[in-house]
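There are structures below to look over.
In what follows, subunit A forms one complex with subunit B and a second complex with subunit C.
The block that comes next holds the complex of A and B.
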């Protein structure tokens, strides 16, 4: 069964790599405007972009090459596992992705862990005492947090924990605990939703016949919850958090900008502005693969948690 | 018991992770700088300004805050009578960060590299470079008095031959400045350390760090919290917050950059100078300066700001908003007010597209203010925000009607370089005139290229400035004021209007 999951996912990964890379190539090539000018602006900046700079770029990068030839070059390079070099920095795309994606994953994993730490206890407590004061207060808090753009949450945390109580740096990376505020901002936004998912899942489990039966046969509340509740309520929550994690890695541009965090969302946005096609293809491809990898992990985790799918 | 242990371990781990950071406060002899611009590569032709500002690399010629050319890595230079051969005498005792001594051959290698890249040196009429003893000789195909100013540009920095790989690509940046690179983490972080063997004033600061801050809000909060010692390009709206704290001072400096409306002077609606004058008169520059840019007094009455004295008309009166006169000018040209509030002539509505770009956030706000102000005159402006490359692209394919731009006249220390590219040919320039049928300015500029006499240069530059102010091939809006937040622990801070250097080696940090 595990083998089948892995083989399926591997095939899926190959198709995703080709599909995402090709699609981003086609989309980038079909955008209006002269690519050479965009690349020149990305390279030389607004003070130094001119028709001459664009011509320079066109010659150096052979941008006049027909699109199908450029695509074939990319495809051949990909078969050699070579993502090419960035049109802006001239550095290998793989190095830039390592730097940026590495930081994004670090932030996303920290955020999802913090979110889990908040969502599980609070969600379970709310579920166990549904419609109690804690449940109602948390519903209000979740709605409030969810209604805020994550950027505003980040700014609030900076004002509180970097300016008023200067415990953490306002922005930056690579200095120890400067991930705390950006990760917390993301975690609060995530936990606002996932705590409700945990709460609903808990509520569903504790009202299920098997749970009631465990209580009737004499198990204590804690024993019942540990043996029959926790595992059952985890399945939908793990699947949900897997999706949240993927969304985090690709969609945290605002937090990266606010905290000067060198993530892939920001890198990708800038690559699109300056038509850095190899960088866009490489990034999209890596994110596609990451999506497949995370889905696989979620499948494996659910497989481990839930014995019902396993062969007899 | 097992559960208890796990809980205790987990608690300890969380405690460690969240312990307040000592790094939230600046280290004693370490300076932290923040600014909005990113960098992606070590190549000086692309991101050289970051490395000159952080004083990692230096040029043959230096520039004073007043725009005078000073000795840099060259102590002096002379030019042959025919003005075709320039000899730059190099400074003794200059050592690169790898310990190599600078000689004429290393300068030649650096400049040869710059010649093969996009930049002002590649556009100069350079025939060849030659080494002559301790001097570097540059042969030109035609007189070009801009050469020393071009050699002060960040793309012409001198670096050690060890900076290049076998294929001539720059893989390390080994300069000669008072700081050497310690951390290069594009696009956000550049860390530098003091270079003890610097030929000039050795820095008192042990190390410094530049951090890109994309959001104005977080840059300001970095200054306020004390995490950053110096923040460049402070958002004008945030100065109030910084003025309320005692440990930060906000410094305001005029820089040689201006916000201008570039327009197609060949366009059917804009080809008469009176039409351009009407648009200029309809602008409420004071309102824009006060309410949008929060820099009262930065209203522009001409293209080039005061720090570039040769090109600035000191006696030119400010352009006050005069809607009546503007309307009269358009009335005389046959533009009648239509029923929808937009003027009409020959069944054509006075409606134009104005493009601008998001690289400078203030431009989009100013563009919409202009849109509202011109609407009062009966001129419809459709604003679209795009990429800075749309300006040269629109100029080249003729699709540009109007564009709101921020032009840096200090890009080369002598504004003649920018003026030549903007007005030096009948076709105008990507960032300058467009279809403006005036050959006088182009001829005068051409003459200045070989002009060595300072008085004649000044007089001609003033004449050109007057012609541009009268004819309005570009409409001036405001000059730029750069706001910088400086922590009080930084001593000897000074600002370079040409943004070539942060003068880190002159600064000291009080404990």
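The block that comes next holds the complex of A and C.
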């Protein structure tokens, strides 16, 4: 079972790599101008480009091959994690994205934790008192938050907590509390949806026969909830995390751009803006692989929480 | 009139609210284009960041361009894009979903493979990559967003059609000698219609969100096009001098998505 999960996700990772690699190849070929000159300019600086340097690059990278051979070379290079050098900075792509990936993972993990800290207590409370005042006001709040793009949530938080009350830095990185606003923006967007899933799941669990039975046989309310409620209600919630991951990754692109957070999403947006194809490939690849990795974690968590899917 | 009403059976109160919000926005977009006839690109640098007044109802932006004209342009752009994308995605996804369920075998496996390949990447990353091929092109954005949206229809429609195809009712009709088109209209379409309409409303919201998002990270449509996400970035530096100007595109995105979400009803 675990092997099946891992193999499926591995296949997904391969599809990500192939898709990103192919799109980047098309992108590279569709760039205007001679590619050899372009790469030479990236490597040796604009002033040192000569026909000789371009020819040298052309020989080394085999740029005059027919398209299909070049395509195979391109994919093979990617398999060896040889992602080339940035057309803008001239630095190896792999070094830059290694650096960025850590920051993005940090942001993603903080956002997921914060979202869980908000969604679980609020969702469970409104599920226990369904259609009460808390449930209704949270429904309204969640509908309002869901109608905002995540960058608007981030913008509001900046205006409130960085400009009006200057508690946190507006943007940037390296001041200790810089992660609060970006992580909180992402977490609010995630929790707006998942708190409703927690609520529905709680409602279903406490009205289920096994829950009623546990109460009837004399367990206290708290014991029943801890023994029979929590784990059962978290199964659909964790499974739903898998669906939310798309939103999280998309949110990372926007929030990192908004807060100038030095992560993969910021790198991707920048690379696309400046048409730096090797960087586009590297960052999109990492973004996709991060997506696959988080999905794998969600799958494994579902497997851990819910024993019903396991073989005897 | 009756067939149209039968098309939208029993909208709930919140769905009516969503429909009303959207109708108001559409009406604004149409009336602005018809009556105001302002030029969304004409600059007037001696009258920048003006507050709303009798001449300029919505004020002006940092180049002195009429916010009323720009909001009209941006709303028409977003609504048109969502309409095109949803129509394309719904036709493609529903058609291929029914095909896959009906044919089975190699067709179904190929289509599943295609859908899973596309799903391997988060939608926005795919749209960003495609947008990089031709920056600032409306056509590419439309194709990219449709390419992401159709998968949802495909998966839902295929799953539901599979159930209908195995039903005794359809088998009976088939044995009576009815053609495929009749079977589709009589048996399959009524079963999938509610899901397709719900997905259409969600999809429209998502298309608008995607357009605004890539506008916001500055890799979508390029200035001077009036586009909601782009307008947010452009007006952000002036949040203090002209909060009303920044609030307009934000409010428009909010109302559009809220309207479509309410119209879609409760997600399953």
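One rule holds in what follows: the second predicted complex is superposed on the first by the 241 of 312 C-alpha atoms of A that agree within 3 Å, B and C clash if a C-alpha of one lies under 4 Å from a C-alpha of the other, contacts with A are read in each partner's own complex, and residues count from 1 in each chain.
What we mean here is this: a residue touches a chain if its C-beta (ideal position, glycine included) is under 8 Å from a C-beta of that chain, and two chains touch if they have at least 3 such contacts.
Here the structure is a predicted model, which is why all the values come from computation and not from measurement.
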Query = Which of the two partners, first being subunit B and second being subunit C, lies in contact with A:15: first, second, both, or neither?
reply = second
Ask   = Which partner does A:292 reach: the first (subunit B), the second (subunit C), both, or neither?
value = second
Ask   = Between subunit B (first) and subunit C (second), which does A:206 come into contact with in this model arrangement: first, second, both, or neither?
value = neither
Task = Classify the contacts of A:83 with the two partner chains as first (subunit B alone), second (subunit C alone), both, or neither.
result = neither
Query = Looking at the overlay, what does A:159 touch: subunit B (first), subunit C (second), both, or neither?
reply = both
Ask   = Where does A:257 make contact in the superposed view: on subunit B (first), on subunit C (second), on both, or on neither?
value = both
Task = Would you check which partner chain A:27 touches, where first means subunit B only, second means subunit C only, and both and neither mean what they say?
result = second
Task = Using the touch definition from the top, say if A:273 reaches subunit B (first), subunit C (second), both or neither.
result = both
Query = subunit A residues in contact: does subunit B have more, or subunit C?
reply = B
Query = Which partner does A:147 reach: the first (subunit B), the second (subunit C), both, or neither?
reply = second
Key: subunit B and subunit C footprints on subunit A, overlapping residues   = 155, 159, 163, 257-258, 273
Inquiry  = Per the contact definition, I'd like the list of subunit A residues that touch subunit B in the complex.
reply    = 33-34, 37-38, 40-41, 43-54, 56-57, 86, 88-91, 99, 155, 158-159, 162-163, 166-178, 180, 257-262, 266-267, 270, 273-274
Task = Name, in rising order, each residue of subunit A that touches subunit C in their complex.
result = 12, 15-16, 19-20, 23-24, 26-27, 30, 143-144, 146-149, 151-152, 155, 159, 163, 245-246, 249-250, 253-254, 257-258, 268-269, 272-273, 275, 280, 284, 287-288, 291-292
Task = Using the touch rule from the top, collect the residues of subunit B that touch subunit A in their complex.
result = 17-21, 23-25, 34, 37-38, 40-41, 43, 45-46, 118-119, 123, 169, 185-189, 211-215, 217-218, 221-222, 224-228, 357, 359-360, 387-393, 395-396, 406, 408, 411, 421, 430-431
Key: subunit C - residues contacting subunit A, complex   = 116-118, 120-126, 128-133, 135, 209, 212-213, 216-219, 229, 232, 236, 239, 250, 253-255, 257-258, 261-262
